[in-house]
């Protein structure tokens, strides 16, 4: 039995089989620069044998000063969400860009994770209430065992953070469990 | 221009074309008895020409005293989520039963709404933080224009209601707008 | 190594691991009466530990004398494809009813097979060129290893049977392999 | 009423409303060089106001000398199907790359067509029996009205062409209709 220490509301993963070969870290990013979350979570996961996937949701986003409506109406011939560069950044194995807030909608994320045998998912990134939450909910529906790495997420509004975390934890972990990046690192490196 | 009065953070629908022929009410239900939300919202929508769909998420649910794990492990030969009766209750035109919290996942909801030309969605039911929120997020990704009918929802935990509503409204209505059932009725009947 | 004897163009399954616990038989049916294909294929698969799923495509179909257009225009309040009874017939563990020719579209088939750990699929039923072929193509895209049980299929038009089979076999088995029901039975019962 | 002249087995589109603003041409390509089909079909469609989408299925394909198995096992860090360049070629408005033979599976094609209001689809490319047929079948399930532009397709095997075309036309056009590129051009330019 290997679990990430200190996760709530239950020891994660539920079956106690924290096999790095079944593990993937989804870094959901809403940053303009697609930068990864702070710290070395991605490096730790890769070193242990986990897969690191950048998940660019609502891509491309409206440029500064544009409304969402202008994005919706964007001419097809303009650089659009079907035309975004998809080469993976240095901190990821793959990068998936999708049009919605849910990283699984209208893209290859589910096919990619299945092909690589990854059914244990760590979720982090920004923003917690939007892309991270939608992607985690969708992953849970698809049968993935999910852990929100809470300190590796950024909330769009500070007052909504606690509710977003509680919604995952309620009813015994209705959408998965919640943990900390240091605990993930400890579990994967065997050090405490 | 016809909008539902008093919606936040923007007048809904955004284009001002509240055409009942394009309207559907999704009653997401997590009740054991699949009862509709209180009031006559469904009747008002149907009388105006809207479509009323019952959306039974996470169907079937574990019986009282069963854990979610027992549901997951349910033998295929037992009465299971692929075997639930799907006849519509009296208050709905159709009933869709799906295995996840997102009413659009692994079921015919999107196909059904497209076939009937419904792109304006009213969402209500229970529980707000789980099935209603997942279904609303998914609908928004698919391009539906969504209104949460807040007083026709029930929250699993009272302390999470405000955050769940704010998450929809933030950033100018990132997942849609929020309104009241009386205002929907007023807009559809032409009375205030 | 266990394979079904005599499959073309390659020994199926490709990895030689014919584990009944990973096996499912999809009986795609376009019959008015949803009868299974002739013979005892379903019984053999179930006795060995395989899962048998009835897959009712394009459900419900137009009644005799109705055009497809009338089906498309069917009022929602009429008994419709979202309202079909979904109790499994005696020869199947589960029955999935979907609106398209592809048994995986807009329904729970993929979720159900994943939940039960089935990634080796036998496909049979009627009609070969329509529902069986669409479902097999879709299964192949999703990473399932597929065997068409050719003698347990019925073609809509006899002159199209050979082409439909060759299309699966071409390029080294581009959509899977093709075999016979007696060979499947032999492999599963250990008798030749 | 405007239809493409000479289509079989019925005048296409069935409703007689050949509105270029609702039209898209899907050029499904299995060529190593992703070249478009011969002729100026794409240019004619764009000039009339139609949308032209390149649909790269099974992308990336195994390189020459590689087996499909080597592709399946391709390390994630290698240039992979999630990493393919997705800038549109000069003859298309957008380019969609997907992992399966069905251009709608695990990608943004459906979302893109809906966003741009395109429900009339012309299908062409290579190979007829594989990517073109899978994409056309999937489009039909989703409610798109489809026309195979037969002379703008290439078959993988000449002996399978007739059967692939007949399968679309049978039962009164079970998956759509079949026509010629010159007739499409005539209908769109108003010249015969």
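Chains here go by letter, A, B, C and D, matching the order in which they are written, and residues are numbered from 1 within each.
Here is the rule we go by: a contact is a pair of C-beta atoms (placed from the backbone, for glycine too) under 8 Å apart; a residue touches a chain by one contact, two chains touch by 3 or more.
Chain identities (UniProt): A, B, C, D = Isochorismatase-like domain-containing protein.
Treat the numbers as computed from the prediction; the structure is a model and nothing was measured.
A.B. asks: At the chain A/chain B interface, shared numbers over all numbers used: above half (same) or below half (different)?
C.D. replies: Both copies touch with mostly the same residues.
A.B. asks: Suppose each chain is reduced to the average of its Cα coordinates; what separation in Å results between chain B and chain C?
C.D. replies: That pair's centroid distance is 33 Å.
A.B. asks: Can you compute the centre-to-centre distance for chain C and chain D, using the mean CA position of each chain? Integer Å is fine.
C.D. replies: Computed from C-alpha means, the inter-chain centre distance equals 26 Å.
A.B. asks: Suppose each chain is reduced to the average of its Cα coordinates; what separation in Å results between chain B and chain D?
C.D. replies: Between these chains, centre-to-centre, one finds 35 Å.
A.B. asks: At which residue positions does chain B touch at least two other chains?
C.D. replies: 99-100, 105-106, 111, 115, 142
A.B. asks: By the document's touch definition, which label belongs to this structure's chain graph: line, ring, star, complete, or other?
C.D. replies: complete
A.B. asks: Spell out the residues on chain D that touch chain B in their complex, using ranges where they run on.
C.D. replies: So the residues of chain D in touch with chain B come to 111, 114-115, 142-143.
A.B. asks: Touching residues of chain A toward chain D in the complex: what are they?
C.D. replies: Per the touch definition, chain A meets chain D at residues 51, 72, 76-77, 80-88, 93-96, 98-100, 105-108, 110-112, 115-116.
A.B. asks: In their shared complex, at which residues does chain B touch chain A?
C.D. replies: 14, 68-69, 99-102, 105-106, 129-130, 133-134, 137-138, 140-142, 156-157, 159-160, 162-164, 166-167, 170-172, 174-175
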